[in-house]
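Each structure below appears as structure tokens.
Here subunit A shows up in two complexes: once beside subunit B, once beside subunit C.
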Partner chain A sequence: MDSDDVSKSSLSKYLHEEITPVVMLLCTPLAEQACRKNSLTLVQMLKPFSVSTNIQVPVRTTTDHQPYTLRSFKLRFVSDSDIRQPQQQDIVSSLKEVVSCASDETTYDPQSDPPQLHNLLSMSESEVSPPWFSVFNRNLSQAVSFSEHETFDHPVACLVIVSSSDEHPMSKFGDLLSLDQLPTPLNQGVMDPRMLKHYILLHDKQDNSTEKASKIYAEMKNTLGLNQSRLLCINSNKDEAIKLLENPWICNKTGSVQNHEIARFLSIEDLNEIKELVKDLSSKMIIPYMEQKIRNLNQQVSATRRGFRNQIKNLWWRKGKEDALDNSNGSMYTYSSTESQIRILGDYAFMLRDYELAISNFRLLSTDYKLDKAWKHYAGVQEMMGLSLFMLDQSRKDSEVCLETAFNTYLKLGSSGSKNATRCGLWWAEMLKARGQHKEGADVLFRISCEEPSLHAAVMLEQASYCYLLSNPPMLRKFAFHLVLAGNQYNFSEQRKHAIRTYRSALSVYKESGWSYINDHVNFNIGRWLAFLEMFDASIKNMLGILECSHQPLTTQNLFLKDFLHIVKNMGKKLEISKLQLPSISASSLKVIFEDHRTYASSSAVHVREKIWQSLEENMVPPVNGIKSNWLDSRKIQTPKKYSGNVSMVGEAIKVYFEVKNPLQISLSVSSMSLLCEISAKPTVEGEKKSNTGEIFDTRDQNDCTLEHNQLELSEHNFVLEGGVIKEVQLDVTPQMEGFLKIVGVKWTLSGYVVGYHKFDVDLKKKCKKGKSIVRSQKQNMSFLVVKGLPKLEGCIHQVPKTTYSGDLRPLTFELRNKTKYTVKNMKMKISHPRLLIPGSSGDLDLEFPDCLKKQNSSEDKNIQAEIMHKSGGLLFSFPTTAKINGGENIQWPFWLHTAVSEKISIYISIYYEMENISCDLHYRTLRMLYEIEVKQSCYVLSFFTLEVFFVVSTFIY
Partner chain B sequence: MATTACFIIVSRNDIPIYEAEVGSAVKKEDAAHQHQFILHAALDIVQDLAWTTSAMFLKATDRFNDLVVSVYVTAGHILNILMLLHDSRNEDGIKSFFQEVHELYIKILLNPLYLPGSRITSSHFDTKVRALARKYL
Partner chain C sequence: MIVCVAVIGQQNNPLFLQSFTQEDDDLKLHHIVHCSLDVIDERVNNPKRSGIAVNEAFLGLLYPTESYKVYGYLTNTKVKFILITADPEVRDADARNFFRKFHVAYVDAVSNPFHVPGKKITSTSFSRKLRSIVDNLGSITTV
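Our next item is the complex of A and B:
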């Protein structure tokens, strides 16, 4: 990097602006008052013109140096009351204001996406770091201005300003300069009260005639000297305020004062006059004065301190002083001490940009201070050496070492040096940044942040994070980490907007990585802070991602959930969330049970594989398409089905089973869990069905679900799910009208506030096993054609024993109920084990125990056709053709259970029946029943015994 | 044994595949995410450093306050990084720890059912790592 880059760097600009001669303003109250008419103080009035850019002042600091030209020069105007160390509270509050202003200015939309990473990377340095950082840094550095251990803040010149309306203006000049009126540092000998003086007569044209002013001015010229006196006229603008094209004051003053109030009496002439004054002040007076002083001091220093002999002498003298006092606060140096004079020489040389002269003097001084153990002074000198080396852009290493020494020395001083350390660190970091060593700069900023209160630390950390972003290659993870640290500190100092901003930027780095704790922390805090700012929507958006935090310990899970519910509560309305993961619903466990032509007697029968039923029902039911008896059957004979989906009846419940899992360790209370369904009464594609109502119900808008109670009956389920538990839930929907029914998903209420939705996502590729039907895609399984109610038989066998003994014979009563209003006929039955379970004749029911052993009377066999089942084709039993079950009736039939060997048997029974007088797709239904019986071994003791008795008796006879 | 020690194995694309708090200190609430933050940030340094040396054990690469990040880079064709966040100064112990964990990790890799880059869920591995931590750290 050449020196061009150095001069362009922000640090050098800063040094050119801030390490400049101080001009103290002494003025009478009337003079100040004249300025106040423009809503400006005297300092504010002069300030816009403090930089003189188009000057050409040749400077020759020492005789052996080449003269050079200064083209721009800045003065710092400070009123006499401000020449003191600033109050820390003022600084802190002004810094706080900067930060809060910035938080109001940075308009960001919490709903918008956080900044994208590639956008951040493509930004240049100035774009990345917001402008208020430099304001903040400047204010922070000013916390230690007017310190006694550095002289660049000591006034070089003073402007004595007296208003023309003052009485006895000439004596006022003297009064203002009297020693006891001067600020304390000047009185106490910390600062040199001998300085360049310039006398100004401020003439307010509104108040007095010009004659009076010129009279006083003439007197001034006589007594105070021609060059030291000046007449400055202001408020010459009598009419309405002339709109200055660029009012130079407005940008400097903000606040309650209206812009048009500022400088309303100042005309262009006044403005030019002030400009001229400042220009003359710097080029004709201050620079030559400083030049002269440098020359004088340099001569002095050369005479007393330079050269081998002087060095030895100095060392000897210092040694003698060594044990006198270990003076760390350094109050032993007054402005007239040799050390202070060298310091002044160095600082003046620095301000006049003769950095080499400055360095040589600082070097000299640093050894002195070190020997004196005046550490604060030593650090201050090291600091200036570092800066001078930076401005010269020589030996980078040295400048870093100097600043580091200064920084560490300040830190060692403890509380008195910490503010200085901060300033020094800021300069150091700026220097590293200017040289492209962003990573090192970030380290320095991080070190500063450790010493500062949380708000300052936060800003430092944020700056450090941008350093990491700008380093080459960009260190994104460090960037994000420091943003998070900054956000944390912002939160401590209650700057929540900033905290959210930093966390959100950090999120772009952490997104989509497996660092779960990080993601949880960042999202949780963003959510919490947004809730503080009452941006609930955005807050919930962030919170949702972390609710399912099974990896977190119990307390954290509790905290997350509690805060989330709290935010939802504060929102004041029920929150509806699709894809809520609490509890999570496993899609693979989803089972839909419904009855079309196949009906089931018990839930155990439902879970039997369809194949078993099909093989049992073979030959009993008319062939259904899809079932081929053998390959020779041509498929085209099958009539195409009207509707390929599932068929369900009005008034018959469709049951949906699924598993819910609580991913957390804490228990969740789930209430009113029910199915989300859509039912539409529109006709089928074939146009066969006529819709009765013509209304189309769409529950996509879930709020309407409650309106559909007429058409749908939904079961609701309330339960508490303990931590980590998996539970199977059964939900029913009973359509009450014909049409198309689609089961969309499930909804539930979590803890009474949050309504969660889960859609049974359509995953067409994934085939799911169903309890009953052939494998179909899930989507098809979730939609149903609801047809008119059909007769449905319910059946059971009474008193079926769970366990029995082999060889047992007992009667059982088989009962079929028809609860619908239709009549069924033509019933057939198939039993998987016809030797075990034998249908008896209807008469058997009436028999009492002993009678049943009697031989049946043959005369009763006359209506045998009606009373016994016709057995045909292996396992198929047909009920008597006359047997019908009318609506609301039931029939009973006797069965004989005769067990053979010991085993566990599942008896499958399928009953086929047809409807009477119903024209429908379905003209038959089946009822499937399942019984499981365990048969145990029994013994034949009794028969053996009888045989023995027989033998005994027979031998007795013979 | 170190009071604070957080061991992590990072796979390609910065995805952590194994994490364990192996320190003896009582587990604090905010420790977990803090450790992750520090380790994640240290990856920046590791990525630069890993290609400058042929050594696998990179010693202490990064630090945050009094916590030090020691790193061991495996010699795979992809950059797998074993990282340990600790507060002890026992470099030899850490090196041995890393070497033995590396062996365990290779055994995991040899498992045909383990998909490289996926999370290590083996409880056997976990107990072994914890035992090693007790032994060396």
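Our next item is the complex of A and C:
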């Protein structure tokens, strides 16, 4: 890096602004009062003009150096009361204000997404670090201004200002300069009271006539000297204020005073006059004065200290001093001591930008201080050496070493040096940053943060994190880590907005795969702090991401959930969350069971593959497309055929099975879990769809809910899910009206506060047990056409043994119940194993053992036609044509079970029946039954016996 | 005393992290391991400047924290091993030795046909083996 970059760096700018001659202002109360008319103090009035940019002052510090030109120069105007070490509380509170202001200024939307990583990476240095950092750093550095161990804060000149309204103005000049009026450091010999003096008569044009002022001014010129006196007129403006655009004071004042009051009596002429004053002051007085002083001091120093002989002498003389004294406070150096004089020489040379001269003097001095063990002075000199080397941009290593020594020496001093260490560290870090050594800069900032209270530490850490971001290549993880550290400190110092901001920036890094521990921690804290600031929505958003934290230990899970529920409680309303993962619902386990024309006797029958049933029912049920023989036929039955979805009956429950899983190790209490359904009225047959179909009742809406409860019956489920448990849940919905029903999802209440929704995913193909052979998308499977209730038979075979022995023969009672009010007729039945399960004649029911073994007489044979089933081809049995089951009745039929070889058998039975006198979309239904029987090997004797019986029975069947 | 060992995958995702302290400091260790990845990246990208041999898997001391020292090791498949120790002085030879054993254990663990490459290592035998390696090293260094 060349020196061009150094001069452009923020540190060199800062040094040009801050390490500049101090001009002390001594003024009478009346003079101050004249300024107050403009809502400005005297210092404030002069401040905007303190930088003189278009000057050309040739400077020649030493006789053997070439003269060089200063083109811009800054003065620091300080009121006499401020020439002292600032109070630490003031500094702390001012810093706090800077941070708080910044937190109010940074307007960000907590709902928006946190900054993206690639955005951060593409930002330049000035974009990354907010401007208030430099303000903060400056204020922090000022905590140690006007220290006795360094002289650049010592006033170089003083302006003695007396108002023209003062009585006896001439004597006032003397009074102001009297020693006991001066600030304490000047009195006590820490600072040199001999300085350049300039006398100003401040003339308020509103108060006095110009004649009086010029009279006093003439007197001043006579007594105080022509060059040292000046007349400054202010408040010459009578009516209108300076246009705001030209008003240089506005930007310096904060909002407490109305803008139009500032400088309202100052005219353009006044303004120019002040400008001229400052320019003259710097170019004609202060710079030449300092130049002169440098020459004098340099001569003095050269005579006494430079050269080999002087060095030996000095060493001898130093040795003579009691070097046992560890002189850390350095009170032994007054302004007149040789050391202080060399220090002044160095500082003046630094301020006049003759860094070479400054370095040579600082070097000389540092050995002296080291020998004296005046560590604070030593550190101060090292610090200045480092800065001078930086400004010269020579030997990077040396400047770093100097600043590091200074930093460490200050730190060793303990509490008295810690503030200085901070300032030194800031300069050091700035220097490293200016040279592109961001990583090292970050290390320094981190070291500062260890010494400072939490708020300061937070700002330092945040700056360190940006250093990592800006280093090449960017160290993103360290960036994030330091942001987290900073956020933590911000939180300690109750700057939660800042804490949230830093954590959110860090999130972008931790999103990268797998670092869930850290990610959870960051999200959790953002959530907590947002809740603290009562930004609940954003808080919940952050918390939701971490609730399902199965990888966390039990205590953390507990903490997360507890805090989440606490936040929800504080929100004061029930929170509704779609896609709540507590508990999680597995989409693949979803099963929907409903009955259209196919009904089931038991749940085991439901789970049999549809194909088995279809092949069993092949010849029994009319073919699906049998109603419409060709496309020319007008459709008699419109809606169900047109509607490709599932059909369900009014009053019959649709059952939905799914698995819920508790991903956590803690138990969850889930209450009122129910299905989320939409039902809309069925369009009329004429095809007028417009009116009702569009009407979808959203269950989330409280008003619609009541309406819906009349139309739907939803089962509710309450349970407590232990940690890690998977549980199958069955939920029912029973439509009470005709129309279209759509099962949207599930809702439940977690711990009484949080209402979770899970929508069944539309796109997922799923295995619906009852689905027709065509594979349909889930959406279709979850919507139903609800048609008018139909008769439904319930059936069972009594006394079916689970296990039996081979060759066993036993009568069974088959019972069909019709619980509806309709009559069914035309019943047929198919049995998958007709050799095993044989329908008997109705009379068999009355038989009693051993009577049944008797030979049948012929009279009974007559009735056989009516009482036995027809076996018409294959496996189909038809019930007698007269057999009807009226509403509310039931029918019993005998069956014979005859087992052959030992095996496990599933017997499928399907019963077909038709409705009587019902004009309905469906004209038949089937009842499917499944029995599983295990046949075991039996001993021969028994087998023989049963064969006999079988023979008897079979004779009257066939 | 070894505080923590970790295996980090190619995509810098944590595959395995085991803490050997009794305290509940997982978060801290995660942070340390995560930050050390920056240092590994730096070492690997500028091998000359950091002065490690090109074919050397052992990356040496990555960085010291206040109370720990972090060592790194990079396998041929860009899987990183990280060792966090609380010992003030660890000889490079010991660390090297440890990582060699660690590597062998890791190879065994990922050779398990049921292990999905790139996924977290859940094998308990790997964890057990590591513990024994850690205990062995502990006994060597304390002697």
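Quick note on the criterion: the second predicted complex is superposed on the first by the 736 of 958 C-alpha atoms of A that agree within 3 Å, B and C clash if a C-alpha of one lies under 4 Å from a C-alpha of the other, contacts with A are read in each partner's own complex, and residues count from 1 in each chain.
Simple rule for what comes next: a contact is a pair of C-beta atoms (placed from the backbone, for glycine too) under 8 Å apart; a residue touches a chain by one contact, two chains touch by 3 or more.
Keep in mind that this is a model prediction, so the values were computed, not measured.
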- Message: Let me test your reading of the model: by the given contact rule, A:70 touches which partner, first (subunit B), second (subunit C), both or neither?
- Response: neither
- Overlap of the subunit B and subunit C footprints on subunit A, listed as residue numbers: 468, 473, 475-478, 480-481, 484, 510, 513-515, 517-518, 521, 553, 555
- Query: Given the complex with subunit B, which residues does subunit A contribute to the contact?
  - Reply: 468, 473, 475-478, 480-482, 484, 510, 513-518, 520-521, 552-553, 555-556
- As the complex stands, subunit B meets subunit A at residues 13-17, 27, 29, 32-33, 35-38, 40-45, 48, 119
- Across the complex, what residues on subunit A touch subunit C? 468, 473, 475-478, 480-481, 484, 510, 512-515, 517-518, 521, 553, 555
- Query: Hey, which residues of subunit C end up touching subunit A in the complex?
  - Reply: 9, 11-15, 24, 26-27, 30-31, 34-35, 37-38, 41-42, 45, 120
